[in-house]
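What follows are several structures.
Two complexes follow with chain A in common, the first pairing it with chain B and the second with chain C.
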Partner chain A sequence: MNLKDVLEKASFLIPALLLIFTFVIYPTIATILLSFNINLIPGVNLVEGSTSLENYVKVLTSEEFINPTGLRTSSFPMGAIVHNVIWILIHLPATTILGLLLAVFLQNIKGSSIIRSMIFLGMVIPMVVGALMIAFSFNKDMGIVPSIFKCLGILSLYKTWTSYPDTALLSLIIGSIWLWTGFSVTLYSAGLASIPKELIEAAKIDGAPFRVILFKIIIPLLRPVTVTVVAMTILWVLKIFDIVYVATRGGPGGASMVMALLMWDYFARMNAYTLSATIATLLTIIVLPVVILWIRYATRGE
Partner chain B sequence: MKSLIRMLREFKMTPVKWLIANTIAWLIGFVWILPFIGIFMASIRPFEELVEGWWNFASFHPTLEKYYEALFHPYYPLWRGLINSLIITVPSTIIPVLLAAMASYAFARFSFPIKNYLFLTMLFIMAVPQQMMVIPLFFMMNSIGLLDTYLGLILIHSSWGIPWITFFLRNYFSMIPKEYEEAALVDGATYWQIFTRIVFPVSLPGIISAAVLQFAWVWNDFFFALVFLLSPEKYVATRILPSLKGEYHVDWGLLSAGSILVMLIPVLLYFALNKYYIRGFTGWALKG
Partner chain C sequence: MASLEKKVISAAIISLIIGIGIGYAIAYYTIPRPKPVVTLTVIGPWSGVEMEYFMKVLKAYEREHPNIKIKYIAIRAEDLAAIAPPQFAAGKTPGDVLITPWGWWVASMGEKGHLVDLSELVDKEEFVPGIFDPVTRNDKVYGLPFTAWAKPGFWHRKSFFEKYGLKVPETWEEFKSLLKKIKEEIGITPIASGDGVGWPLSDTSEHFIITFGGPELQLKLIKGEVKWTDPEVRKIFEEYLVPLLKAGYFSEPKDWTAQVDLWWKGKYALYFMGTWITGMVPDPGDLGVFTLPGCKGIVMGTDYISVSKYTPNLEEALKLARWLATEGQRIHVGTKAGKFATWLKVELEEHWEPMRPVYKALMTGEVAVVPDLDDAVGGKWQTTFWDQLKLLWTNPDKLDEVLSTLQRVYEEQAKGK
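Let's turn to the complex of A and B:
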């Protein structure tokens, strides 16, 4: 291998690596260091205290992050990280199960690709638009959801959901399920198409009921899809920002605050850069195990 | 009709069951796009009709007034936002797709030290939240004069897009048979000639898939645009849209018309290039 050869090969990689290093890796490292009060950014000084863990103590004990009063009385706000966890606990099973069942159900439907496209639209549009549609649908004067509850005679839910602490987060979670189900339906449909038809036919001929086919054949064979759907859904929910920013701004009174938005609040509204960096780092630390598990799964056998 | 009978026989379904299943399926699809129908109605109907419910058609006087208002809003004209979005999105699609295609070729065909570590790093970066890099980037951009410029945001979007496109295209390239390339090498072609004349053209469907998804991602992005573009005349469409809310009362007609205009391009792209879109989407998530 001569020098010319090495240079030619390197020229394929260097532009991409240069951009990634300058605009992704270096800032990521700088953010981690900033959370420990170490300034790596030339030209400005964003650090006031000395190198320590004080930012972590401050964030982890702040009511915006975890709110003991809210948790004890189980009323909102409960703190950004708790809201993220609640979001995952509702959203993850809902979209995964809904996605699987819809994909199976739609298999034998005439025009199923059109219906799938209708469900997938939520993934195509900007989240900002999705957020406005959520706010619209849960609005007392405009939206269909409060009106349905009015017709049902449940007047306590005939209100603008996003404006009240007890319903704000819930309405965003329901909205995010609506937007995200297209993701799991599409992946599961692609997975189903790869299952050999003979397998299911044979089971049918043997007289296996649908329940058995679903649990003994379809679900085990779709395991790789499920891993991807679960991992991506958790990552998406943890990083959720646009929907909350546009629909509620984390309000009312922090009742729908999430970590990504809290980070932005500290950064842009309070100029508390080290605290903001700490929240970003915590968010990444929480995301990390999911990423590692998914990478190990995605690169298995390589 | 013949195919219908065949289908019924195949799934051992009675016509009644078939009809019920299909009705339910279409109802589900309908429920899913209700919010879309809702804001579409809100965008074309006057306020007096909207307060009766957009689903109430006792009186119906459609108008395009709100679209005009949104496009030529006195403080936040959406036409400018849409143009700014295009100015940002087109280069933020071309640059990372080209650079990532080159890198993927290297990952798929060359062997060099630390290759696997580099590739793993790329995978990790794919999942790191955007929040993780904006604080240092904000001040870096400021000190080199790229804050609040199109170029600055384009560079950030490009760098952010490279890892996932590399991941996607490397898988695509590894599935292409190597025979042609090996023959070309024997004939004395350079790697660049092989890349530009064989690998790139042959992989065009995969490259289009990556480009479509990257385009949609950048167009739909809100967070980077929020942090790095500060002057209102540079706001992209997704950034302008929430500003149309108004200070004291929410003008749903205006917001709805704006929403339709902002989602138009990604939705059209999705329907026009559906095959590429879905392939990129599932390929991104399911590996090949």
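Let's turn to the complex of A and C:
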């Protein structure tokens, strides 16, 4: 490689690297250091204490992060990290299974593209609007969910779900499933289209029932799609913010507080930038393994 | 001859050029030039109709000062408290003049060196006594008061009370009977509960504290001299507020502006709200208001005008701040904003008619004026208070949990954790 080649390649690489360094690498490093009370930002004084792990101790021992009383009594609030875990435990299987089943069901239905578009609407609308729709859907006076339970005679659930600690988080999770299912349906639909029809037709000729076709052919062949759906869903749920901010603001009594909103609270409500950076770093540490595994899987070409 | 003609013409041209130059120079130094137009950015908490009333004030200033253009941006107090500090830390400001009801925030930012000391800008003796206290640190004043509001009690429609034969209660028992009658005979939830970010519930709770614990209890809670878990505080909640919540006399908390409409249309009978509600209803003449029987104090608050030291238009911003705190109040109290003046040079008659009785009662000392509890404490505790009250409203059995959380967060904040 001669100098001309090097210069030519560098002219393509350097602008991109500069942008990535300025807007990704430098802020990331600055945030991580800020969580240890080290300020990398010139001319701005954001740190009050000395270099230490005190921010991590503060965050990890705070009731907003993990609430031992809530965990012991199985009542909300249980702490932001627990709420995120609950969110993943409900949201992940729901969107994955729902997405797969809907995609399979809609595969051979006439006019399925219209239904798919309607399902995908949740992904298209701004999250703030989606959050308002969730708030309205679970409102006692105008929401469809409480009205259904009223019709069913279950009056204990005929209430504004977002106002009560026992239902606030659940209402947000259900709402987010509605918003996110469009994503998994779309991916699974694309995945289904790539499965050779001969495989399924051969199975049908051999007399395989639908259950066998689903579990022995479709699901194994859709594994790459499932990995993407799972990874993206976990990332989305761990970063979830706008829905909670608009619909409940983490309340009542912290019953729907999540990590990203806690980070915002430290930043915006308390101007505790180092604590906010600590939550951001913790979130990155939690998210990182998912991203690494996903990238490794994707680059292996499986 | 031709040569002479040329010389004459040349001389004439030169004379003309010199004449024009001299004339221009004289004009340049003698004729007053118009001042360059300066655009000031004012950030305030008002939107909707409240903003319309405030814009009348700003327009009046623009008329008086042709070289000033004002750009108004509506940013709520909680949002300003979120976006301004990072900008301050970088030596910038989101606006030239900042207006917020959170005195604690103004004082905090001033103490950190981000706001201009306004001590010499006005004569403090010309204002309501004590109004500068929340924005004063180390003898420096970081905010000037604008117009004020009060939170006098439960608003109701006179026509609604007449229609159903309801009477303003004079005792606690009468108050409970009134609520029972509204719920059981009229068949509606008696009291609307406002929400949004949460402050309407805190206003209602403060009214119970002031009524049954006295104005001094509210002051002690602000200063941390009485704990939230104190039996005296607990008793107020347990014996007065919680039974009403359990009886279903309060609605679920819903957006406070939407509740104004619902209450006006008769979905609720009563609404605890500040005086600004007078500017939000179609017929202020139909409004009535009463306190909880025996109440001896009213919460009063104001919006504070501050100037960031990072503004590029410091001189103009200070002039506007001073004008808003003085002459600007005359214009604002004359609108239907539902506010009254904190600058004592504004006469009673200059106020919008429905505001005059409240203003008179406050100024003549008929009731004690008490600072807003959550606005005075501020910080993380303020938002915790709002959030915990939302919890209490839907789960009154969690009273002890709510009070202990409030005390814990108060102590953490006091220790600077």
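The definition used in the following text is that the second predicted complex is superposed on the first by the 295 of 302 C-alpha atoms of A that agree within 3 Å, B and C clash if a C-alpha of one lies under 4 Å from a C-alpha of the other, contacts with A are read in each partner's own complex, and residues count from 1 in each chain.
Throughout what follows, a residue touches a chain if its C-beta (ideal position, glycine included) is under 8 Å from a C-beta of that chain, and two chains touch if they have at least 3 such contacts.
Source: prediction; values computed, not measured.
In the superposed pair of complexes, A:Lys140 makes contact with chain C only, with no contact to chain B. Once the two complexes are laid over each other on the shared chain, residue contacts for A:Ser163 go to chain C alone; chain B is not touched.
By the document's definition of touching, of the two partners only chain B reaches A:Trp178; chain C does not. Looking at the shared chain after the overlay, A:Gly250 reaches chain C, while chain B stays out of its contact range. When the two complexes are overlaid on their common chain A, residue A:Arg269 makes contact with chain C while staying clear of chain B. Of the two partner chains, chain C is the only one touched by A:Lys58; chain B is not. Partner contacting the larger number of chain A residues, of chain B and chain C: B. Using the contact criterion defined above for the overlaid structures, shared-chain residue A:Asn45 touches chain C, although it does not reach chain B.
Overlap of the chain B and chain C interfaces on chain A: residues 43-44, 46, 139, 267-268, 273. Residue ranges on chain C touching chain A, taken from their complex, read 78, 81-83, 85-86, 89-91, 197-198, 252-254, 379-380, 383, 387-388, 390-391, 393-395, 398, 401-402, 405, 417.
Residues 8-9, 11-13, 15-17, 19-20, 22-28, 30-31, 34, 40-44, 46, 102, 105-106, 108-112, 114-115, 117-129, 132-134, 136-137, 139, 141-144, 147, 178, 181, 186-187, 190-191, 204, 224-225, 228, 232, 235, 238-239, 241-242, 245-246, 260, 263-264, 267-268, 273, 276-277, 279-281, 283-284, 287, 290-291, 294-295, 298-299 of chain A are the ones that touch chain B when the two sit in their complex.
In the complex of the two chains, the chain A residues touching chain C come out as 43-46, 58, 139-140, 159-160, 163-165, 249-255, 265, 267-271, 273.
Residues 4, 7, 11-13, 21-22, 25-26, 28-30, 32-36, 38-39, 42, 50-51, 53-55, 99-100, 102-103, 105-106, 110, 112, 118, 120-125, 127-140, 142-143, 155-156, 158-160, 162-163, 166, 190-192, 195, 216, 219-223, 226-227, 237-238, 241-242, 252, 255-256, 259, 262-263, 266-267, 270-271, 274, 277-278, 281-282, 285-287 of chain B touch chain A in their complex.
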